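Here chain A shows up in two complexes: once beside chain B, once beside chain C.
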Partner chain A sequence: MASSHGTPPVFNNKVIAWVDHRLPIFSYIEKEYHTFPTPRNFNYFWNFGAIATVMLVLMIATGIVLATNYTPHVLMAFDAVERIDRDVQQGWLIRDLHMNGASFFFIAVYIHIFRGMYYGSYKAPRELLWILGVVIFLLMMATAFMGYVLPWGQMSFWGATVITNLFSAIPIVGESIVTWLWGGFAVDNPTLNRFFALHYLLPFIIVAVVALHVVALHVHGSNNPTGIDPKGPQDTVPFHPYYTMKDGFGVVCFLIVFSVFVFFAPDYLGHPDNYIPANPLVTPAHIVPEWYFLPFYAILRAIPDKLGGVLAMFGAIAVLFVLPWLDTSRVRSCTFRPIYKWFMMFLVVDVIVLGICGSKPAEGFWVPLSQLATLYYFAHFLVLLPVLGKIERPLPLPASIADSVLKKKAV
Partner chain B sequence: MVATGALGAVGAAAVAWPFINNLNPAADTLALSTIEVNVTPIAVGQAVTVKWRGKPVFIRHRTEAEIKEAEAVPMAQLPDPETDNKRVTDTAKKVRPEWLIMIGVCTHLGCVPLGNKPGDPKGEFGGWFCPCHGSSYDTSGRIRKGPAPKNLVIPDYLFTSDSLVRIG
Partner chain C sequence: MRKPFARNLLVSGAIALAALATGTVAIAAGGTEHPPHRHWHFQGPFGTYDRAAAQRGFQVYQEVCAACHSLSLMAYRNLTDLGLTENQVKGLIKDITVSDLNDDGAVVDRPARPSDRFRKPFPNEAAAAAANNGKAPPDLSVIVKAREAGPDYIYGILTGYVPYDKLTPEQIKEFDVKKDDYFNKYFPGHKIAMAPPLSDDKVTYADGTKATLDQEAADVTEFLAWASEPHMEDRKRTGVRVILFLLALAGLMYAVKRTVWADKH
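Take a look at the complex of A and B:
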């Protein structure tokens, strides 16, 4: 077997050699997942790409099995889900894996996004890699939203009503778009049918974008905690066995926490109201989206104007697309950015505060608090990032990755 | 080249259109649906909710005080100015101020506002209150406070007799 990157591998197994000569999948795996030179200094934050991939596969596998027992009809959907929970063999397990899997997929992806932001992984030459990641995030949000509608409980119905009505804020064509989304005059059977079709489709589109994300990643390789590029073989290790093992360990730890929820608190992250069948005539007293949408929901409600709120909410994600160009600092990693590091940590606190505001009724001091938090969110990206890059004096960067690792050991 | 490209674009649009239009409401959904409601059992001060086209419709038998209050509001105070008189006129142009008939869907993001049942909160203006994002409507169903941009929508309706109203 070849050990250095770039030399074509020689396969001793004749069948593998025969296949590889005609369709080089084994060479590809060898090059991209075995000998692939990877920075030697990854910390555990670098596990979450692999963890997210595992969650995506788990969601597709459990989803396909669930679909075999589900009926997308307003009169039957709720009962179909109850039947999966009560009568279908191991249906409860598959459903709890799928339901909590969505939450844990978002947990993995949010940590992955934080990693990218803290260590400046979005900066040149990885801008497209980052943008593809934001596309995946958007597709995940659409998929999760449509999936939540399928059990056809009260939260499903009213969540669908509120979210589809967001588009009615668009001037002139808004109302027509909403009717078009619904396929009727309200959220009803045609809506449920098309949401099911799209909920089944989008995960496979996510797989395709993840593939592009990985292709883009393997052009320049991974960033690392120092944010400086590897300068030679002393700075890297082969992907296998070093990071296959480390990722494997991280995946197992993550799945242990996941299992605690699946087996001991399967409904902890959900809403009891969704176990009431959908009723188009009664809105639940307190509508809240799933936890992973709460920060964006808080931004929507913070603006006391319909169109403004909708624009701010979509803007909160749109700003991520231009993040690589908003950040003017030449240093990637926050480790060497003494001021920005603290603002980055404050952004995390800010998003958590937004999440809490989003879970509370829009009244009392939650309103000004969510307005303040929304203000910081946008100021962080649109003011702090461009300005700080110019005025902040970064700490001296280590000479190389090897240098930084060996120095740390010596201390 | 340009002609080929233009023809191609027209062709692509012609193919795309059936797929896009397919998602619009089907003929059976569109088929004009109307309902008839007998309003005699609704006492003064009471309100009922009926279902029309999958949406709730509020029918409120307003009290003298509620009518007076709605008529007295100066237009300048309304985010979506509309006289109370206009909101209680049926398709035959007959005004019945005691009957307020509206689609019970908040114009913000589509929740059903509270205020139809006796124990419901009616908001600061004595009409309806949407619990989702805090919009308040007055006794004419006009938006007064909160994120909703428009008044509650009045559907087409016609009193076929003093006791029977046809909605739609």
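Take a look at the complex of A and C:
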């Protein structure tokens, strides 16, 4: 693991020493979460990994309680969710935490991804760390999508219909795949049952991939806002108590914003149509996914061809897997990349524009706008990123992390 | 639609407190007018249900709406949350009969008990549809949550009818309104199957309140808002305590963090 952590810890407690001699979990915790040398110059963007972890645990904890009160049957699911709201002790709280928790998990992860991109955390030697993160993101999307189906409201049903139908775009075997996914010839009870089973399974797979993500992180340690590697003890602090306290503070701040939604606007991020029980005979005027899928939904609809749209949508995520090799710049952090910094900001604007387009009906001015925004999205990764790395002249890097911290202090 | 736009601002990190500022935002559905925004007693971070209005609203529901609309998720016992005693609830439902199975397995009607769910006007959806020109009237249990603009929309529908002879020739032409159609300003597409359900003095309020159309519509909306989320007051009360606790905890955490980092800055 990362650099030298000094001598192995000595435990005074005999039981702990006995256990640790046979199964070194205490040494592991000591080494990876206490003395672990961490760059001293993190800004608050570095909180979002811890925040996302807290949200994952919260989602699993509330989800297990919800599952004990939920019935995955097309005739009973809607009422089962309402029963949790009305008749289960504090059931409303558990449900509001879970449904808003999904949104806030995505908020945390989107900020975490932005952090990784802005400060170049995906570059060597952290490519696998980044790829594991993209895998987590994909698993989250699948889990969230299937979770949204479970209340069996109108948007649940029609969202499931639209998304599963995407697979019918695959030539030759598409229709068969869709029938296989549904477990029948329409979205129906077998679909709901398997989505429930998978919605319960996938979070634990996410936990496993998060564990790999953390292991990979601890090989070379965290990146930092300067993007330069720590050169010695003066550049780092022990993870505990410095970052346990800072992360703890960040987590509590995040939970305050989360609580505002949970307790004062629990349905704000949802769609009213999902309080209408699913009806296969009535299509909602306007089918929209949850907000966190809107940019990808816009990319899907921007391409006038079904298969093309599906490929573009998956391509928008696939391109993230090769991001470490598309970026040709030797400098990690945007702080020292005077041109790319602005393109990075513009990518954020572009994704927000895509999100807005995704929430609008695919008509009029929104169609060319989403096409333009889609084009820019791909151009950013496939053209700008490789080319800019070659032509941009980065600013001079600080001599060391400690140097950059002390300089900032002097200003 | 402004709401999804606000949602996307979230992504950019401007989480802010937009939710409270915007509250409910109406949408335009195919040229339909937005229902005007009314102040509701239950809105805002500290809003509570107006018990008297909701009790009157129950009377309107029971005497008018219940003829066609079920409220399947509510039980009569839930009315005690509106400040009624158990005996008052028993008194209110003394004339209501519900169908049940007797010990011999035969379907019988028996007097309603507080533990019963609200009586359904039709035995099943097909019967409801058959009695209502082919479309079953929606269940009202979560109707306020199930519509954009929630309570404003419900109130708007109840008060938004325009009689045929008050329509402009353009409206009649554009929406293909026939003489016996019902035209509603706030219903998407305007032509609504439901006849105007409320009018002045449709009910006689037990508490002596004058039963105007507006009053009845506002009262039944208050009642349906409560039915959609009976635990709302508990939610807000808990929220105030949780947020105060978290603010205090954040303050402590910040102080600890500052102390820990004091020698590193």
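Everything below uses one rule, namely that the second predicted complex is superposed on the first by the 406 of 411 C-alpha atoms of A that agree within 3 Å, B and C clash if a C-alpha of one lies under 4 Å from a C-alpha of the other, contacts with A are read in each partner's own complex, and residues count from 1 in each chain.
By definition in this document, a contact is a pair of C-beta atoms (placed from the backbone, for glycine too) under 8 Å apart; a residue touches a chain by one contact, two chains touch by 3 or more.
All values reported here derive from a predicted model rather than from experimental measurement.
Colleague: Putting chain B and chain C onto chain A via the overlay, clash or fit?
Modeller: Superposition result for chain B and chain C: fit.
Colleague: First (chain B), second (chain C), both or neither: which does A:32 touch?
Modeller: neither
Colleague: Considering only touches as defined above, state whether A:285 meets chain B (first), chain C (second), both or neither.
Modeller: In the superposition, A:285 touches chain B and chain C alike.
Colleague: Using the touch definition from the top, say if A:110 reaches chain B (first), chain C (second), both or neither.
Modeller: In the superposition, A:110 touches chain C alone.
Colleague: With both structures placed on chain A, which of the two partners, chain B or chain C, ends up touching more residues of chain A?
Modeller: Counting residues of chain A touched by each partner, the higher count goes to C.
Colleague: Which angle, in steps of 10°, is spanned at chain A by chain B and chain C when each chain is reduced to its C-alpha centre?
Modeller: For this superposed arrangement the angle is about 60 degrees.
Colleague: Touching A:275, do we find chain B (first), chain C (second), both, or neither?
Modeller: Second partner only.
Colleague: With both complexes superposed on chain A, which partner does A:403 reach: first (chain B), second (chain C), both or neither?
Modeller: A:403: touches no partner chain.
Colleague: Which partner does A:184 contact after superposing on A: first (chain B), second (chain C), both, neither?
Modeller: first
Colleague: In the superposition described above, what is the shortest C-alpha distance between chain B and chain C in Å? Please give a whole number.
Modeller: Nearest C-alpha atoms of the two chains are 8 Å apart.
Colleague: Touching chain B and also chain C: which chain A residues?
Modeller: 285
Colleague: Can you list the chain A residues touching chain B in their complex?
Modeller: 158, 161-162, 164-166, 168, 179-188, 190, 194, 280-283, 285-287, 301, 303-307, 309, 361-363
Colleague: In the complex, go through chain A and note every residue touching chain C.
Modeller: For chain A paired with chain C, touching residues are 40, 79, 82-83, 85-86, 92-93, 96, 103, 107, 110-111, 237, 241-242, 245-246, 248-249, 252-253, 255-257, 259-269, 272-273, 275-277, 285, 288, 291-292, 294-295, 348, 351-352, 355-356, 359-360, 409.
Colleague: Within their complex, state which residues of chain B touch chain A.
Modeller: 20, 23-26, 29, 49, 51, 53-56, 108-112, 131-134, 146-149
Colleague: Name, in rising order, each residue of chain C that touches chain A in their complex.
Modeller: 1, 4-5, 7-13, 15, 17, 19-20, 29-30, 45, 72-73, 138-139, 141-142, 145-148, 150, 188, 228-231, 234-236, 238-240, 242-243, 246-247, 249-250, 253-254, 256-257, 260-261, 264-265
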